[in-house]
Amino acid sequence: MAGRNHLFIPGPTNAPHEVLSAMHVAMEDHRSPIFPNLFKPILADLKKVFRTEAGQCFVFPATGTAGWEIALTNCLNPGDKVLIYRFGQFAHLWMEAARKLGFDVEMHEVEWGKGIPLDALEARLKDDKNHEIKAVLATHNETSTGVTSDIKGVRKAMDAANHPALLFVDGVSSIASIEFRLDDWGVDGAISGSQKGFMLPAGAAILAFSQKALAMIDSSSYPRSFFSLKDQMNANKDGYTPYTPSTPMLHGLRKALELLLEEGMDNVYARHHRLGEGVRRAVAAWGLSICAQPGFESDTVTAIVVPADKDARDVISTAFKKYNISLGAGLTEVAGKVFRIGHIGDMNDVSLLGAIAGVEMAMLDNGFNIKPGSGVAAAIEYYRSTAN
Amino acid sequence: MAGRNHLFIPGPTNAPHEVLSAMHVAMEDHRSPIFPNLFKPILADLKKVFRTEAGQCFVFPATGTAGWEIALTNCLNPGDKVLIYRFGQFAHLWMEAARKLGFDVEMHEVEWGKGIPLDALEARLKDDKNHEIKAVLATHNETSTGVTSDIKGVRKAMDAANHPALLFVDGVSSIASIEFRLDDWGVDGAISGSQKGFMLPAGAAILAFSQKALAMIDSSSYPRSFFSLKDQMNANKDGYTPYTPSTPMLHGLRKALELLLEEGMDNVYARHHRLGEGVRRAVAAWGLSICAQPGFESDTVTAIVVPADKDARDVISTAFKKYNISLGAGLTEVAGKVFRIGHIGDMNDVSLLGAIAGVEMAMLDNGFNIKPGSGVAAAIEYYRSTAN
Amino acid sequence: MAGRNHLFIPGPTNAPHEVLSAMHVAMEDHRSPIFPNLFKPILADLKKVFRTEAGQCFVFPATGTAGWEIALTNCLNPGDKVLIYRFGQFAHLWMEAARKLGFDVEMHEVEWGKGIPLDALEARLKDDKNHEIKAVLATHNETSTGVTSDIKGVRKAMDAANHPALLFVDGVSSIASIEFRLDDWGVDGAISGSQKGFMLPAGAAILAFSQKALAMIDSSSYPRSFFSLKDQMNANKDGYTPYTPSTPMLHGLRKALELLLEEGMDNVYARHHRLGEGVRRAVAAWGLSICAQPGFESDTVTAIVVPADKDARDVISTAFKKYNISLGAGLTEVAGKVFRIGHIGDMNDVSLLGAIAGVEMAMLDNGFNIKPGSGVAAAIEYYRSTAN
Amino acid sequence: MAGRNHLFIPGPTNAPHEVLSAMHVAMEDHRSPIFPNLFKPILADLKKVFRTEAGQCFVFPATGTAGWEIALTNCLNPGDKVLIYRFGQFAHLWMEAARKLGFDVEMHEVEWGKGIPLDALEARLKDDKNHEIKAVLATHNETSTGVTSDIKGVRKAMDAANHPALLFVDGVSSIASIEFRLDDWGVDGAISGSQKGFMLPAGAAILAFSQKALAMIDSSSYPRSFFSLKDQMNANKDGYTPYTPSTPMLHGLRKALELLLEEGMDNVYARHHRLGEGVRRAVAAWGLSICAQPGFESDTVTAIVVPADKDARDVISTAFKKYNISLGAGLTEVAGKVFRIGHIGDMNDVSLLGAIAGVEMAMLDNGFNIKPGSGVAAAIEYYRSTAN
């Protein structure tokens, strides 16, 4: 099929040419005296992305899914109670991981389309007089519904309840894209992956922990080996890793950090907001709604609800087979009900206008009652009026 | 500037990932016994792109501009008369090259927007009783105006005049993209470059000659060294080159030929026609006109005429600086009057819809009286209804 | 420092250009309908490398170190007794991993330089009347000492004892390089990593399990999530993965498998034997000895013992800083006593002759009493007489 | 064939990974407002490599062979007399080029193995009272014989004769590798190519001219178009090119210049001298001689003379087929009599020790009476004692 694939899934995102070229490098000795010259500045620069000075960053040769497990198994004890609100597939999977790993998961259902209910959270924590809840597991950006939760608000609720639980945040599809602040928001464990805002292939779990979280390690009896933060800390302090790292991934991360920090994190956030808002304007112009309810709109991914008589899978299939656009599918509870446009990573206005136009074609082909060009027109007007 | 550059100039075109990766290769010995295993099949497969069985193909480490010179200096004698119709900047430059090289250039002006006037050509050739004209220089696709000439018709006119002149064709922005047939159309020298339909970086002049043209070499006294077809033929027959080739370019060409031949040349032509027609529909929907007059529309590049009170350079500048789209400028006689969208090479519907949308933004920013989304809507309807 | 780094550590090994180029690819949707076209044949071809028809292969986005954990935590129960012989750093680390993960590790010390003592093993297993030992953890190729154990012999010993324990084999630095046969040798879990014989960067744990091992999963209560073989099996059967894979790594693995299978596994083994033997001839010519005792010599890495008055670290440091050669260091018990030459992966005679010559320089610089050129001469004579 | 090819031809040389990665880049608009940000600094930095402040540098999308033609056809008039000494294949080819291009070539034969005879040159120039000789064509480093001529001495001879001829130098295999100084040595035209000291693929002719040479352009009536220096100057002054450049080659050149200038040109020269001297020590240890006579030894390539009863082609063939080493062949007059080891470009001690060892194997296989390891031993001792 001629021409490039147009990738608008919410991850892996489009890796910039500079990043791919930086990864195209001969293998090297990860125990050489010069390896720390590569690795130490990466760990230092990651702190600027996680917005932490007090915390510590980690890179594991794994994925964001492993990141959930790393946070839980290093800082908690077997059977500890954790609190999680389920409002999408990735919150669900994190809950499942916690359960499989033997934690006592207290799950509260939230309507898909909303995020963490701050009042309910505060009430529940206040209720937990004995502080049995050891950690709150918060999905910052629920990729399956395009919903962003208010993590700053979560911290406020925890503080209002004067609750000592750790705050673990799944920032896989938020960190390095939309606003995230480890220190200011009092996050104890932040979990991300290489294939989203970091614009790399999958293959690195990228994490940050507060000193409070790291201090819990010693009192944790959870069995762990590959995922040991302690082993990483021991090796990282000299600029090394406890086992063989992917040096190409590190070179790619080096370059990605340069791109992010050169743009400036606040500009990165603003760019993602503009891009996301343009997509939302297009959806409104089509007369459709998005899965996220007001106040929960994600700036990295938009889940678009199809009319009741349509199957979103048809849109996705047409888009891929006929127009070489990759869209995100609705997962489990919203399968067939939504399709998703990822607007995260190395992306700009024209890329998204192509996506919007392509989605229009796929919807028209499937008998959607939309006006050709309407979504594009709305996005054009928004992008034009807000571009620098 | 975040996100990719959107490249819609009519060359260099977007090199596919497969081609760039094929070029990323260690240097190698171009005199090794295995080098011909790479080079010979390339020369053979090129014949399928030039649509020739009787002719012979060549690859020079140079550019299409050198191709003009190679054709002239190998097959003609110093001072020979050549006939050329000037209807754009590249016809002009070829004429200039011929003049600088000491040929007796007979140039006829044609309105920019039209192609070679077949009747006038036939009349002129009939008039040339003594066959002083040794070659007709025909620009197949005039990249500056988006005009395609009828080369089959040129051959018919020459035959009707029973004229023995050689027919040299500049196919830089047509070959490997729109229909071109060396044998069927009786072309004696066809000149292309790597950076257009071949989807490679610039750096290779890719040529094909008829046996009639090659037979003229021996009687030509034009001084030549680097550009000697004879030296190429002597080396090529064993699968080698007369001087050091760019082996990465050959590996890239190998891959590009695979992509082209796998798609099928007729499908490649049809794809370019669809893509071009969609752009033309968009232009019509904007209420603008294109430079090419009816019957001369190019399927690889469209030159769009801006209203008299506008400067096309402003559109191009806004597109590049504000939206990271690269468009083609109007050159010399049409500078400021047209901007160009290249739709050649590794391209598909969604890429072009992005381009059209981006151009709409740039036009609106410059006060054009167009309806946002109108061009996109027209292209959407056309692409939808014609896609496989 | 001009010129390339000469990488002779026992992993990461030198990734061939073809593999690196195959990895240089745009990101793609790992949930697309065409993703299985990439992944399924990889899983099938891996079986040819692990030499199994009955077993099943797995690729985790992790490293060989994780592979140890995957085998243990999927097929055993918490606290199960495992038997391991410690004769090098990687056997040691596997033991440590098993301990950290809460298994009841029975460790027997073996002199570093030897491999698994088959008689002792058989005796111990016979002694285990109640079959308390649930798994034998066998390091096939101990990378730290350059020692290869006889896994076929291990299986024989287990059979002789009629013991039902699982046989888990660390084949990180053997599989895809030296002879390994899952089915014939009755291996239940084989653990490898991408950065050795597979000639890729680190970042994939590549595993194979027997049906016997896989059948144990259901009765295992060990908590696991990211490392769940069941989740992999459920997703793999349709050609997908349970979480985001590194598609570049898969493309690289695709190419690496092509290279390996084109050469033929038996030829790969023979090549590694020749390369290793040449190095051993060089060491003998220097009048030095290797760490491996007779019968245990590894064909992927040679650990060379320095005279008592020398520090092997000086050789390594000189080699790296003065000559840009990366050698393997002696680890823990043999730190300073040995340096290691890796001869694994995409390697040939001339590469190794460069390594041998470079090592001669580094040894001479550090006052070793060797004759310049002597090691090279011995290797030359061997390679010459055994080359095809 | 497993393992990398070992490339020791005198060009194309081994392109560093950094250069290849820099070339792996999306196509871009060579007429964009930011293109000069890439190109202008390249032209400026090239002056540091050609060691000129007064001169001007050029990059043509062609090869060194074209460079010969560019110098001749821009600065001379048709039929002008040029003086050349023929002492190898590349001097021969330059002479042939000049003849084909219609110049009046005065050629003097020099024994292959020697360079330009300074006394004879001076005498001849003094004899040319009417200054009929318009240019001296000097091959700085004759790649076919491994002979370096004394260009500083050529300038002295010309000055001693008070002769106004232009001095054109073929520095294809010297510039960016061994000492070359355009200004100090009074060179008027220096011709190089991308695939030697510049460590790039073939595909760029890289040139420098003195103001004296450039001033001749206006009075030259030689017909030229693609090779016009004037067209380049007009475009280059604004940071552009007269026709489409290979932007990947420019990105590669950008990186190569960084590598060269970071090492420092004097260090580059010294490194090549060390590397070449090591090879010569090896040859002496073998009891063989080199083609270059004393005082003419090249630091970029060594041509080794085989005994009268041997055919050098057998060494080359064995080296390639059995050991995957690419050596340079003897050309025309020395075909079969010499083989060549290139030690130019991105090269270091260990690379060359591998080459020397490999050559020993190939010679031994062909019955040469040499002692295995003897050449390596001699080189080892030299490299060790001279390394930093």
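Odds and ends about this structure:
We call the chains A, B, C and D, going by the order they appear; numbering starts again at 1 in every chain.
Keep this in mind: a residue touches a chain if its C-beta (ideal position, glycine included) is under 8 Å from a C-beta of that chain, and two chains touch if they have at least 3 such contacts.
The model shown is predicted, which means the values in this text are computed figures rather than measured ones.
Under the contact definition, subunit A and subunit D share the contacting chains B, C. With centres defined by CA atoms alone, the chain at the far end from subunit B is C. Averaged C-alpha coordinates put the centre of subunit C at 45 Å from the centre of subunit D. Taking the mean of the C-alpha atoms as each chain's centre, subunit B and subunit D sit 35 Å apart.
For subunit A, residues that reach two or more other chains under the stated contact definition are 4, 14, 17, 20-21, 24-26. Contacts from subunit B toward subunit A in the complex involve residues 1-4, 6, 14, 16-17, 24, 259, 263, 268, 271, 322-325, 346-351, 353-358, 360-361, 364-365, 371-381, 383-384, 387-388.
The touching residues of subunit D, when paired with subunit B in their complex, are 4-5, 7, 9, 11-15, 20-21, 23-33, 61-66, 68-69, 78, 96-97, 100-102, 193, 195, 201-203, 223-226, 228, 242-249, 317, 320-321, 326, 329.
Those residues of subunit D whose C-beta lies close enough to touch subunit A in the complex are 17, 20-22, 24-26.
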